[in-house]
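What follows is a pair of complexes built around subunit A, which joins subunit B in one and subunit C in the other.
Right, the complex of A and B next:
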């Protein structure tokens, strides 16, 4: 029987809670005061070029983050059922289903649902789902929908793809001028980009600290503490928050304190978290001294901005997002993480909800095992819809996997 | 006079023969291509947005890939993936496509995006898997220019396979053939209400699994024969069918058996594949013509011309063809079509068209579907 190990909590978590509570309180405030103050509220996808919206004083709200909240609070399944009863297939992304469910039944939804949007902004750099999801939202709310089409990159990034995105961004800026009644302010955009840049480098620094042995953070820390870089990207609040987190993580490294006591096994995580079992799932690992030192998901927000003038920089940055890239690119990324973080193995969450993330995983798994020699485990689940999670089989596979690593 | 009758009989019998040929091709779905067309080199593709003109210009025959009737489960894809991707991948893994000059992936849904990468990695098609990414927003600023470059690049890539990049003359020849076929397909589409439901879809599918020139020549003979066979549908219930890929005609046959008639079709493997604005003036640049056609086609759910365009198009099509019912076919795990089914069903119902959403594992329909379809048709 493995001895009970303690999981080291982060002091910054309190600040995180404050930051997020404040953000959602502000969101509510924007619903009421946004219009008179000409600060519309936009629902945006996680890969949208939010700096441009911020430059127009738009307040961004992230249904995907809300989907994760629904998952963590274990209400997704209930909300998904609501959407399914309205005709949305059970095979659609559970963030989308639970979000649509929350619009139909705010009484079942955390915080009574998200405040109504004045505007919808979707960028398809993460998946094709968001286009369909936001089209559905545009029909429900009858508000403008702006879509940014970032062509999938089967190979290297190409000039014509970036050029195309750039053209669209120019039009988006013109549309936003009409919608907000404000002039496009290139300087304002630059400032926002600068804030994003600094926040990204802090998030990178924090992640890099996890190369240390023992690692100061475990995957659940990364998943929880990524919230501000998603919803508050390009703001002073997120910058402030990550400075604090960076200091705490650095302190841990200086003191040789690991997130998991007696770290023996170092692992890499691939795909979105299993939100409804965030701690329960990882506990099986941490109890045996296994720590997830890095992951591909929260790393998606640690990519540096591309150079160039502000709109050009936005165009290439948002086109090059990892989910918009080839299997080969993703395999390389995983191999590099394993090497750089000195990992002994990796776990892939085959996430029914997210096809672009998941369908290529098995091929990547085999390639990574071949090239690095470390074992990889595939676990089938869903990020938010707990109905598809089979606890016993997953537990058994995890145990067997850890035993191989321990041997 | 006698000579005329003789000629007519001869034409009829050639027409009949060609009809048999096309129906046979449709049932084979390209599986016996090597023995039937030993002089042709085929190039596989999946999606109607794949620019067939470029394949033809390179001297290959486009071959639409369909899953095997008996589904194997490839190890490289999870079970929650559509049977089109799974079925074709298992064929590729078995070596069924070893004779192809290559395979083309036009970017559409997330599943196809992933399959393109997997194909390259595991199906032994590292160098001859070509990818082309048309814009999703067909009317966005810069979309046409972007797509034009994408096509030019594709031309160079296919040139590397053949050793010579197709020139303008090759492209124009290919475009002419495609236009001719599309005109013929449009004629077939018009005849649809007066012919048994499974017939036109089978003929349209044949055109996706056999050499284009042979297909067009056969249709030339077949169309007059069909014209003679046209008959008023009587009180058959008029139905619209929309969806992604159907690799056989079992659904159409069932509709017909149950007293319905498919009068309008918006399947990827049906008329949507051939749709062309026939009035469009000849564009001097053939690549430009491909771009224009893609922009003018009724979009599939993976592309957008404004968020209600496709739904409005379906409604219009149903009204134009006087359809009383609509069947929205969704292949299990196909997200784009599942998404669109919700607003499409709502809007069609609002305009008085009875609508059912039919989820199928593959293209085959069985007892359960029969019961549902029967109840549906009786309710109209």
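Right, the complex of A and C next:
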């Protein structure tokens, strides 16, 4: 069926694939180079202070990113079932279930599963699930687990919250000295922070370009092209990649090229992507000229590092992550995005997996609608477990929502 | 014989349980309607119902200037345009109750609350999650367990003296709750009242999300069930307006949209 293409592909996607393939190939063959180079492999949560690990020459690997890969490749449901059969509740995060399932049945898993970790690093700034998930991993592999506890912020970050996390980071550095046999290298950490800082500012710049009308990028672009800033944060490879992407996006803006043909409706997305239907889901929007010009999820990696000495900067940066903050903060964030990006509406993915992200959405939705006057749609789904997705009801709501915007 | 100068507009609503067709004239008046069980092929049922309307009105297909389809089967029907039933519902209700600001619709597998702006535009809506609790299907399952016709539920609920409590929101678990009430010797009216309260509670919770602004109109087949109507009115603490034919309002909205999109100068021969 020949269908008219309404979606403009990015040339940088090739470089993205190369960057990510190289990272996962290095990861996969870590057993060949990790030990001789004394570079242990750590499984880490997406909000872990990775610059500190990089300063110890640790190779970080992200089970959450892997969960997204399982989702995109449509194998999550299978892997989740494996974990459920082993006793993990269906109500647990589908990244956790996919990942645990991939450990039990590597034959079903993309890339044959992730390579064994030498240590585990979990930070609860993104959710509480990671604590129990990583405890389970520590039992399975019998490797050290380092936990960074970031207190929830009901308001602005406080001195004692930063102090509390700072102390833990010092302890973590001492633990990492023992585990890696290397001395803590403050200069090395500063170098890593500098690389992160530059990459973050490029990612910010790229996102800011989407204020243009038409927007040069749509949400699926953001979700796909965020991969390097997640798994290669604090490295030269991600810096190099985002320079190229920035140039391409800037070119689009200069030429007035939009991601979606005939952009008529501008929307903001909230929550993690629906990985197993990434394109199919957004096609229902792009076909009717609706473009998601920005989102809260991939924007989580565009937050500037806090000032201060390296460990202090890490302490406040990783405590101030948006998922660790109040409903008021989150509502304000949505309102600002809608105003700054001149959006006509917003869509919230009520993600069954991600409780801290989803539980407060309905209250935020009403507050944002009240303050901005634009409509907001709630879609119930899951980021990776496709069994939760009911296609017809979702399509129905999406259509009604677009009709409302067109009226 | 038909009048060749008049034009007519058809709205087709293929729902999960029932298919509804409505024909309106140039003045937006309902001139005919028909309903049937959707069954396996909603498209065939809709075509048959539409054909029956034409016979009843002594019209031919050419007299129908435009058709809009809505409901779950909307994409299967060869219409000039398909629209979501949320948009159609709001439009249909605005035609009947122009002061309505909230529409509560309980259909076969959906329950939804729509906030309507003046003019019949949708400002917000919420729907039930992927779950049959609080829908017509829920009532059908419970009627099955009680061995009564779903149409009798309303009358039975009014005879209740001490309503049972149905606490589970899952249709399957609620059915087993009903069965245990039967086993405990509770009367049918008391159990039915409990079932109606349970549906009303689900829908009232949904209403709390969008907020409740009068006038409130209750539509969908379930609006014929007095048990649910009374329970919902009591739980929301408001009066509910109910159309004479509460199941055809989305089809009416579709017919009105058909009137909007029809080419104005197309001669009808």
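Quick note on the criterion: the second predicted complex is superposed on the first by the 402 of 407 C-alpha atoms of A that agree within 3 Å, B and C clash if a C-alpha of one lies under 4 Å from a C-alpha of the other, contacts with A are read in each partner's own complex, and residues count from 1 in each chain.
Just so it is clear, contacts are C-beta pairs under 8 Å (C-beta built on N, C-alpha and C of every residue); 3 or more make two chains touch, one makes a residue touch a chain.
Quick caveat, the model's predicted, so the values are computed rather than measured.
Hey, is it subunit B or subunit C that touches more of subunit A?
B
Would you sort A:254 into first (subunit B), second (subunit C), both or neither based on which partner it touches?
After superposing on A, A:254 lies clear of both subunit B and subunit C.
Of the two partner chains, subunit B (first) and subunit C (second), which one does A:362 touch, if any: first, second, both, or neither?
In the superposition, A:362 touches subunit B and subunit C alike.
So, does A:177 touch the first partner subunit B, the second partner subunit C, both, or neither?
neither
First (subunit B), second (subunit C), both or neither: which does A:397 touch?
second
Once the shared chain is lined up, is A:375 touching subunit B (first), subunit C (second), both, or neither of them?
After superposing on A, A:375 lies in contact with subunit C but is clear of subunit B.
Is A:138 touching the first partner subunit B, the second partner subunit C, both, or neither of them?
A:138: touches subunit B, not subunit C.
Taking the contacts subunit A makes with subunit B in one complex and with subunit C in the other, which residues are shared?
Touching subunit B and subunit C on subunit A: residues 362, 380.
List the residues on subunit B that touch subunit A in their complex, please.
For subunit B paired with subunit A, touching residues are 75-78, 80-81, 85, 105, 107-111, 113-118, 120-122, 131, 133, 135-137, 140-143, 145-146, 149-150, 153, 301-302, 304, 307-308, 330, 332-336, 338-343, 345-346, 357, 359.
Tell me, which parts of subunit A touch subunit C in their complex?
So the residues of subunit A in touch with subunit C come to 362, 366, 369, 375-376, 378, 380, 388, 390, 392-393, 396-397, 399-400, 403-404, 407.
Using the touch definition up top, name the residues of subunit C that touch subunit A in the complex.
Spelled out, the residues of subunit C in touch with subunit A are 72, 83-87, 110, 121-127, 129-130, 209, 211.
Over in the complex, which subunit A residues touch subunit B? Could you list them?
For this pair, the touching residues of subunit A are 86-89, 91-93, 124, 127-129, 131-133, 135-136, 138-139, 145, 147, 149, 151-155, 158, 160-161, 163-164, 166-168, 170-171, 326-328, 350, 352, 355-356, 358-363, 367, 380.
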